[in-house]
């Protein structure tokens, strides 16, 4: 067994896993407070990518400004989606919100198609993120190092917010029992908006880093990563942020390692997530870190 | 038993049959194509409504079952010679390479194979969180595409299957469409249909009243997939070429729009929604084609149709969640009352 | 005579909270047993554990000497235990008649294929279920409302509909969770008569949770009192009324 190859694949898998994890956190947080699968979440990747592209290509912004701007704007878009499409349906049956979520997702994708066109554009990766380091004869891409650092930092930030701030506590309370929290005078809508903002920002960050790895941007690029991220969230235990990160990493590693060990199955890579999902539902539906969510 | 309603329904069917006979002979290819499409989509919408509307379980599965049905039907109906001509990269595996059956048999097989896959998915999903049905079916759609692209010795990979015999005509499409409506209506009006509605309304209470929610949901899901498989077979033999990239989420999205606009839970609504969206989709096509008008040139915006439909779906969900029919069904009496209200005299 | 229904040391824990602990109960055929206690005492939780809606943590439940602890709700219902809910859980969008007919689903003999074809057994079973459901609606005084949507009914009628629905299961044991909550004295008296008629005609055994003391004392043969999840008294209505522990539980003040 070629060890340097194996380690490279593991690095690759971990990188992918971190990205899945970042997107998964947004899904799991929204599901935690609303019991809603926000199908439009994956498309936020696409939104962030296009924002950076236009920021840099048309307005000639430097990459730090473009990146941060895109994250903020995507975050805002998340809030907008909740306000416009999901909030009116807070009191309606669940299936209504799910259908609307699908509608929003499809709308975003087709708006992308209409406004920007279907031909893929190339993401302008700044030179800082290209190239690789040579560690003991193994090539480790710079991007991977950045991904690990950023993911670690973002996770730490999310933990601080969720566990040490008042609004974080409110988020956790709402995911237990929204009605009681409302009765205690907490502005639940504000908490929910904040949840969307945070989750969307993470998705945007993940999306930007995703594009530096896979530079082709097109309107439907968020569909499959979004689906996989949700599977990661389920794998880790829906509602649990640690679970989402863990699930993401496991999923990323599985995808890469399976193809590395059995290259003839490389065409089936995308089916790994689905297989894992079915397996989890059959064996431990609450996920690795999960618990039965009330209601 | 001869009742007024039955006579009226029979007469309506005669009118429909005459119209279709006329259409086949005298209307252009384009119109016939649309009529075929409408029939197939009615069939798909009505069966989709069974799982989403009647049983209340949010499935995003139709495009997957459509694909499975289309491929099954195509692989069985092609003759061995045609298969040799089509499978140029890798030959088709045995026994499919030698089997060739008639169109109706291929359709039944398409339905059964789809139903089988639905059963397999139903077990992990319905035994646990039914919430996840949407994601599982969405993922299944992707997986079907992945497999269709990679199992070259079965599906011919990205090249797809060409030169299918265009068996689908107005008789087949409308005949099967009416049969589907008949079967679904019968099922919904039976105790099984009531059980599905009970599970939709309050699953815990339904279980406490002796209903096995797992079996009920699975029945709805499998029956739905059966008819979607047949629809796939019909579609394959209408457009005569199928490939993995054909069965995208857009199908499911359109079907979802149809049943929502028509009224989630109403079979009549599904029929109306299918007609409106299929026809409307054709009308809206002109938004996407370039046209020249009074000296102005309009380039055409591809994708605009779907933007309009998605927006329509969101608006309907927020402001008119019940759609056209709500959960009500068509009755002749209801139709007369509607006319009487519109045209003055008070209803009986 | 053996008890129809028996609970041994039933306990239900949610996380660290003990909702029910050490509950014993025996109900003999034909009895009406009341389960009372201050709010939050764990009565509905006990019902939920018995009927499989919630998992019990300890203890055993026996019905006709068969252990049914932790069986699924639908299985328990088919074995002959039916219930109503504290917060009315009707099928809102279905008609009154359909609500009752749904409970007949577990008694049908036709398969879904026969339903589609409309053959023999289908027509026969459908007529049987419909007739039986109309009978039960008539028994509960709801016959004229059969086509109304369940959520359009006045409150008292909704409670009666829940009972009619439960009766459609042909149960041997009927569990009623606060059946007369929110009813005025007239409605309560009316319900009492209906209940006694039903019990007589359908040979029911009944266990009920209620807060309306005059109702409970008037209709029950025996009463079990629980507080904070634990049993504190058991006996006939007159014994319970003079039990000091019961009085203390309700008033919160121990009496010397």
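Labels A, B and C are assigned to the chains in the order they are written; within every chain, residues are numbered from 1.
Everything that follows uses one rule, which is that a contact is a pair of C-beta atoms (placed from the backbone, for glycine too) under 8 Å apart; a residue touches a chain by one contact, two chains touch by 3 or more.
No experiment lies behind these values; they were computed from the predicted model shown.
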item	value
Chains touching both chain B and chain C, listed by label	none
Chain at the geometric heart of the assembly (C-alpha centres)	B
Chain B and chain C, separation of their C-alpha mean positions in angstrom	43
Cα-centroid distance, chain A relative to chain C, in whole angstrom	47
Intercentroid distance (Cα basis), chain B paired with chain A, Å	32
Sites on chain C at which at least two other chains make contact	none
Multi-partner residues of chain B (at least 2 other chains)	none
Contacting residues of chain B [partner chain A, same complex]	52, 56, 58, 60, 121, 123-125, 127-129, 131-132, 134-136, 138-140, 142-143, 146-147, 149-150, 249, 253, 256, 260, 264, 301-304, 306-307, 309-311, 313-314, 317-318, 321
Touching residues (chain side chain B, partner chain C) in the complex	183, 186-187, 190-192, 194-195, 197-198, 201-202, 204-213, 219, 223, 265, 327
Sites on chain C touched by chain B in the complex	51-53, 72-74, 77-78, 82-83, 85, 89-94, 98, 101-106, 108, 110, 112, 115-118, 122, 125-126, 129, 165-166, 168-169
Residues of chain A that touch chain B when the two form their complex	35, 37, 39, 85, 88-89, 92, 94-96, 98-100, 102-104, 106-107, 110-111, 113-114, 118, 223-224, 227, 230-231, 234, 267-268, 270-271, 273-274, 277-278, 281-282, 285
